[in-house]
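Starting off with a structure, shown below.
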Amino acid sequence: MNASIFPASLLTIVPALHFEQVSFEHRDHRLLAPTTLTLSGCQRTLIMGPNGAGKSLLMRLAHGLLSPSSGNIHWQGKPPAQAMVFQRPVLLRRSAIDNLTYALAVSGVPRRQRKNIALQALEKFGLVALAKRPARVLSGGEQQRLALARAWLLNPAVLFLDEPTAALDPAAIKAVEDAVNEFHHNGTRIIMTTHDLHQAHRLADEVVFMYGGQVLEHTPAHRFFDTPASTQAGAFLRGELVW
Amino acid sequence: MKKTTTLASAGFLTSGLVGLLWSASLLARDDFITLASTTSTENSGLFNAIIATFTDATGINVRVVAVGTGQAFEIARRGDADSLLVHDTAGEVQFIADGYASERLDVMYNDFVIVGPSDDPADVSSSDNVADALVRIAESESPFASRGDDSGTNRAELRLWKDAGITPQGAWYRELGSGMGPTLNTAAGMNAYSFTDRATWVAFQNPQDLVLLFEGDDALFNQYASVLLSEQQHPHLKHALAAQWHQWLVSEKGQQAIADFNVNGQPLFFPNAQSLSNTQ
Amino acid sequence: MTASDNPFYTALTLILGMDSALIAIVMLSLKVSLIAVLTASLLALPLGAALALWRFPGRNALIVLLNALMGLPPVVAGLCVYLLLSRAGPLGQFGLLFTPTAMVIAQTILVFPIIAALTRQQVETLHNEYAEQLRSLGLNQLRMMPTLLWDARFGLLTVILAGFGRASAEVGAVMIVGGNIDGVTRVMTTSIVLETSKGNLPLALGLGIVLLSLVTLINALAHMVSETAKRRLG
């Protein structure tokens, strides 16, 4: 891939994100037990755990798509630019390039600059030939690359990814992982959920392990994989838990 | 590009809207009056024939809103028509007494007739008079389709039942709550007797098995009158133009135009302004 | 049955004859219904989208009311507009009764609930799909509205056509507020009523066939435009 189009701005330090006694309830069901957690640095944080553990919930709370039932989530200082890539990419009913210029318009980029920036992003993600195609007839892998290109345009200090490769074939998974590393090299903090252990091995700098609506571990990746502290994580790593 | 097209089409449509309102206001500046009248006069084609003559002579157009007599009175009472032409003498006199109109002038007459199935099960065609005809229908309980809509024709029909000493009720007597044309359509559909003004009947094109069975009794006389509305009650109306129309109807030219109107050679309305203009 | 008794023959004669009175009636019908649908859309699309996006007390009651008003009898709408525009009514001084403008107002009232209620449904479905992404991009509800309306455009075209169908088919409202005045407020549907009451059933049905053909033509055009655009834009 080419060099970043936003090298300078991404060298700034990404502020830390604090969870203080954050819990979340929905219709009298506690989905997240009171959680205190700090995410900082330009690391690749992988949130792991079986289905229903609360991974996506934790990420949506962090990104601000959901508000906690109690407790407090705050950034150290001004909230940084953020973007999120979903498991099933949400693309507007427009052409691929229009999806990108739309995101640029929303973030206030002047009209005459949008097309050039969008074309650079398409080129970076290998989508130039598909620029005029309706976004929603692209293949799953192409759609996810377009979603990543859209996130790229927003120049995020923090990028959230929710199971971004769950529905993709190996080649497409490789493209997404390359993109994640590219973001990371440019100084973006990565917060990503996955239940693919191999993927976690390839990408994680640190791991947040969740089980039954609780954060059980928050440790550097090598320690998590070598000597998990909780019995649940141990079972998870041995493939004993159904997810 | 796309936005420009959208904007352009929105602008085009908006200008269309403005255009329509503008043309409507242009029309409103023309000389015209709104006439509330009955369906019998409109449906027979009388107005098509005589209004052109009036417009040629005066430059005033007449916009006819053709409704039942009851609704025509209501439109005039609310001040939504400049002039009124109906056929319910008692109602017209009451309208003047109530202060909504200043005068009525007899313009023309025609007559009511009784129509029914061609095999005539009640033997209405050999009746001596209209009361006899109604008695025959009631006693044989032959199906009868009544307007049932408080129109001038309906009021005349109910008066005749009353004069014949009959309270029409039972399964054979159907109150339709419809105009004259729809009532005739229904009567034709169920092969029933019905009471209609001659003009609507002659111009009616869907008689199926219905034929004219009884006519000619003096009690079937049907007088049409032009009513001049009150200037005090509704000062905003076009009284001067309406008065021209009112006077033209009873003038020699107007009366001649009415006499000249016919359907298939058969005259449907008979001008009688001179002879009856002071019966009010 | 002679040829002139055949409504299809009558319809064909009417269309091929290009009778100027008929053309005027057709043009007025289209003008009144299209302007009513346009006006109703300008009001109902934003309202329907707002109902889909915002939660507020009374929202459910409003949705139920709009859904119920989709079944508003045209004659009732006509009566209400008649009472409003009548000289004795609150808007009487404008002298709009028995004009095409009055017919546009009545049809706008008939069409508005249909477009608003169906727009609410369409936009709400799309919002369920888009909400997280759009909020992730930093949009609030107000800024989501144009995006959702634009992206729902093909569904909304069908909604607007449903409104047009209602407007062009109704007779109860335009009869009361227009008065079916020859050359001024006579439209296709009121002509059909008039010819039916004259017992001229073949002509009435012939006019009905002409009306149906026109509505079909407009729907076919809209369908074609929408399908072409859908293929190009996805």
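Labels A, B and C are assigned to the chains in the order they are written; within every chain, residues are numbered from 1.
Quick note on the criterion: a contact is a pair of C-beta atoms (placed from the backbone, for glycine too) under 8 Å apart; a residue touches a chain by one contact, two chains touch by 3 or more.
Only a predicted model underlies this, so the values are computations on that prediction, with no experimental measurement involved.
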Contacts common to chain A and chain B (chain labels): C
Chains linked by the largest number of contacting C-beta pairs: B-C
Innermost chain, taking as reference the mean of every protein Cα atom displayed: C
Whole-Å separation of chain centres (CA-atom averages), chain A against chain B: 77
Cα-centroid distance, chain B relative to chain C, in whole angstrom: 32
Cα-centroid distance, chain A relative to chain C, in whole angstrom: 46
Complex interface listing, chain B residues touching chain C: 13, 16-17, 20-21, 24, 27-28, 34, 39, 43, 47-48, 63-67, 78-80, 179-182, 184-185, 188, 203-207, 234, 236
Residues of chain A touching chain C in the complex: 60, 63-65, 82-84, 86, 90, 92-95, 102-103, 106-107, 133-137, 154, 160
Partner chain A, residues of chain C touching it in the complex: 129-130, 132-133, 135-139, 143, 147, 151, 153-154, 232-234
Residue numbers on chain C that touch chain B, as the complex places them: 31, 34-35, 38-39, 86-89, 92-93, 95, 97-101, 104, 179-182, 184, 194, 196-201
